[in-house]
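Taking it in order: structure first as C-alpha cells, then the write-up.
Just so it is clear, A, B, C and D label the chains in written order, and each chain counts residues from 1 on its own.
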Amino acid sequence: MKDTEFIRGKIPMTKSEVRAVSLSKLNLRDDSILYDIGAGTGSVAVEAALSMRYGHVYAIEHKEEGCRLIQENLERFGLDKVTVVRGEAPDVLAGLPVPDRVFVGGSGGRMAEILDFVRKRNPQVQIVINVAALETLAAVGNYLKEKGISAEIVSIQVAKAQALGSYHLMQGQNPVYIVTIEGESRTESGKSLTEQGKIETMGSTKGKMYKKF
Amino acid sequence: MKDTEFIRGKIPMTKSEVRAVSLSKLNLRDDSILYDIGAGTGSVAVEAALSMRYGHVYAIEHKEEGCRLIQENLERFGLDKVTVVRGEAPDVLAGLPVPDRVFVGGSGGRMAEILDFVRKRNPQVQIVINVAALETLAAVGNYLKEKGISAEIVSIQVAKAQALGSYHLMQGQNPVYIVTIEGESRTESGKSLTEQGKIETMGSTKGKMYKKF
Amino acid sequence: MKDTEFIRGKIPMTKSEVRAVSLSKLNLRDDSILYDIGAGTGSVAVEAALSMRYGHVYAIEHKEEGCRLIQENLERFGLDKVTVVRGEAPDVLAGLPVPDRVFVGGSGGRMAEILDFVRKRNPQVQIVINVAALETLAAVGNYLKEKGISAEIVSIQVAKAQALGSYHLMQGQNPVYIVTIEGESRTESGKSLTEQGKIETMGSTKGKMYKKF
Amino acid sequence: MKDTEFIRGKIPMTKSEVRAVSLSKLNLRDDSILYDIGAGTGSVAVEAALSMRYGHVYAIEHKEEGCRLIQENLERFGLDKVTVVRGEAPDVLAGLPVPDRVFVGGSGGRMAEILDFVRKRNPQVQIVINVAALETLAAVGNYLKEKGISAEIVSIQVAKAQALGSYHLMQGQNPVYIVTIEGESRTESGKSLTEQGKIETMGSTKGKMYKKF
C-alpha cells in the first residue's frame, strides 16, 4: 500500500517499502492475533488487518496523537479488526489475547521487556522488529545473544526518484534494520503435511516442511 | 516468502525482500490476470498465485531450465493457478487473456516492445519492473520520457547478516530498481486530490477485500 | 575534509564522503591541471587545490551565487591555485590550459559536449563524474556506449548518525553514481598485463611520489 | 588508489572507496604517526604512507600471512615509512612512539582495550574505525556511551558495475560503518563557534599545508 493512502500527522510512519518487507517477514495467517507495538500512525496495523480474514490486530501506542491518527485511519478503511490500546508495552499487554505475531515498530527503550513478555506469552510467536536507532540495534543484538536466539537481520536502504524539472533525482530514505525472530520454524517438524498446508492456506509452510525432511 | 522455500537452479532469483516490495507495488486483486515476464525460477509467479483466490498467472520464460524450475515449484506448492509459457515476450503474449497486472523481471532487451504490447492490450494495466542493469534502467527511462508516462522509481539495497563465528557480518546484495507504472491512476487525473484519495483507498481496500470474501 | 569547513549557500554541495571518493578516483598529481565543471560551492576545487603543490584548478560555474561562494571559500583557505570561471561548459573552456584531470559535478544537460571537448583537448585526460539524476546516468551511459569507452561506475549510498535524545538515528543521504573514465589506461592497451600492472603501479606511485619529492 | 594496485592474498582488504573515505576522516598530517591496527594486506598503511612526507606508519597485524603481504606491498611501492609489527593490539603497542592518528581495521574483539590504550597515550589522537560486524558496532557504541565521547558515525554501501555481455549489473559490496573520534575537537570545547570554525579550518588547512611546504 502507498503511504499516501494513510492519514498522517507529525508522527513518523513506516515507509511503504519497509512496511511491505516487514509484513512479508511477519508471514501473517488469516486468523493471526497481531500486536503492533509502537503503532504510530497505524499503517502496519491497517495493512495487516486488510490482509487477514479472521484475525485481529492490537495497535499499542502511548502517544495520544498517535492513537487519534490510528482511529482516523481505521475509520478511513472501515476496519473493525483493529483495537487501539493506549499505553506503554509491555505494561498494557497483560489483558490482551495471546499473540501469534508481534511487530515492534517502537519499543520506548524497553525492547528486552517487550520481547521477554511476548515470548513468555507464546514461545512460538513470530516477531518482526523495525530498528532505526543504533542503540536499539545494540539492544536487540544483546538480547538475541543473551537468550541464544538466532534471528534473521536485514538492512534495507531505499531511495525514491523525485522529479526536479526534467530530471529525476534519487532521494535517499533512512536505512532500517528488520529483525525477524522465527517462532514457528522451531516446532513444526512434528506436524503433518496436510495440517501445515491447512494452517497456512498460502502453502508456504508446506514449502518449509519440505525443508525439514 | 523465504528464498529457501523455492527450488532453485543456476538461474538468478528475485530475492525475498525485493519480491515482497514488487508484489506490494503490483497491488494484486483476487481476480487479477498477471503476466510474469522473465519468470526465472517462478518465485514471483508462485508467491503472486498464493496470494490470489481466483486470478491466474502466466509465467513467461524463454529458457528451458527456467520453465522446468517453474514447473517444479508449481508442483511443490500444488498450484494450478499458473500457466508456464515458454518463449520470448512479447512474441508469445498474443494468445493470452488480457492482463490487469504485469511484472517484468527480465525483458531480453525488448523492454519497449513489451511495455507497448501490454499497455495496448490494457491501457489500465499496472506494471512493475525490476531493473538490475544500467542499460535496462536507461531503456525504461527513455520509454517513460518518450511516452510521457510518470512512474514511481525506487531503488532498494538490501544487506543480510551472515554469522561468522560469534560475529554477524552484513553482506550486501545487489541494488535493484523497482519501477511502477500505475495503470489506474491515469484515469483519475480529472479528480480532486480528496476524490483520488478516496478512490485510491477504496480501490485498494476493495482489492484487498476481494482477497477475503 | 568536513562539509562544515566550507562556506555554504543554498547551492547543493558534494558531500564529504562522496568528495573523498571522487578525489581518490581523480588520482591527482602535484602538477595537475584540473577542471571542476559545475563547481557549485567549490568544495571539490578547494580540497583538490589543497592536495596539490604546483597544479592549478579551473572552477567552472554558471551561477553568480556559486561563483561568489567559491571566491569566499578560496579566501577562507587562502588559495591562489584556483581560478573561478563563470559560464557554461564547454563554451567557456576554449581559452583554458589543457587539463589532465576533469571533475564533472554538474553538466547543465550538456554532458556529451563536455566529454567530447575535454577528451579532444587531451585524449589522456582522467575524468570523474558525479551523477545524481537518472537522466544524467542515462546520458553518461549512452556516451560511453557510443564511443566504446569502458569506465568504472560505482554507486555510493551514505547514511550518517544523527543524535536524537539518547538515540542515534541513521539518516540516509542521496545515492550518487561516480563514473571514472581512465585516461591513462587507454594508452596501455598494447601492453602485456604484467607491463600494465607495473606501469599502473609506477604511474600512480609516481603520481603520489611527485607529491612528496 | 585502486584495489588492483595491491598484492592481495585470501585476507579481506579494505575496498578502495571505503579506504578513501577512511583516509579522508583520518585527516593525516605530513608528520603524522599512524597506527594501522588490523592492517590486513596493508592497503591503508600503504596509501597513508604515500600521502605523508615525514610521518611514519606502524602496521599492526597478528596473522603471519598478513604480515608477509604487507611486506610485499611495501616493497612493491618502495616504502620505508611503514614498520610492520606482528602481534595483537594493544599488547604490542607499548613500545611504539605516541600516535596522533589511529586506524582500526580489525580489533580482534578487543576494541575497548585498544581505544583505551591509544586514548591514554594521546588524548588528542584522531581515531577512525571501520566496522563490518554488528557485534563490533555494538562494542564501539557501548564504548562511546560509557566514556561520554561523541563520534561521527557514517555507513557506506557501495555497488560497482560489472560488465555482463552488453549489460552492466550493479554488484553490491558489503556495507561498512566508519566511526571517527575527533581527538582535536575536544580541546576546542571552550571556544566560540566562530573561533572553532576558524581553528578547525586553520587546523585542517594547516594539516593539508604541512603536506605541501
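As a convention for this text, contacts are C-beta pairs under 8 Å (C-beta built on N, C-alpha and C of every residue); 3 or more make two chains touch, one makes a residue touch a chain.
Note that the structure is predicted; figures quoted are calculated from it, not measured.
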Next on the checklist: Once the contact rule is applied, which chains count as partners of both subunit A and subunit B?
Outcome noted: C, D
Checklist entry - Pick the pair with more C-beta contacts: C-D or A-D? => result C-D
Checklist entry - Of the other chains, whose C-alpha centre is the longest way from the centre of subunit C? => result A
Next on the checklist: Suppose each chain is reduced to the average of its Cα coordinates; what separation in Å results between subunit A and subunit D?
Outcome noted: 38
Item to check | Gap in Å, rounded to a whole number, between the CA centres of subunit C and subunit A | outcome: 44
Next on the checklist: Need the CA-centroid distance for the pair subunit C / subunit D, whole Å please.
Outcome noted: 24
Item to check | subunit D residues counted as touching two or more neighbouring chains | outcome: 134-135, 141, 153, 155, 157-159, 161, 168, 170, 175
Item to check | Touching residues (chain side subunit D, partner subunit B) in the complex | outcome: 132-136, 157-159, 161, 164, 166-175
Item to check | subunit C-touching residues of subunit D, taken from the complex the two chains share | outcome: 1-2, 4-5, 16-17, 19-21, 23-24, 27, 50-51, 53, 76-78, 141, 150, 152-161, 163, 168, 170, 197, 200-201, 204-205, 208-209, 211-212
Next on the checklist: Applying the document's contact rule, which stretches of subunit C touch subunit B when the two form their complex?
Outcome noted: 134-135, 137-138, 141-142, 145, 153, 155, 157, 175
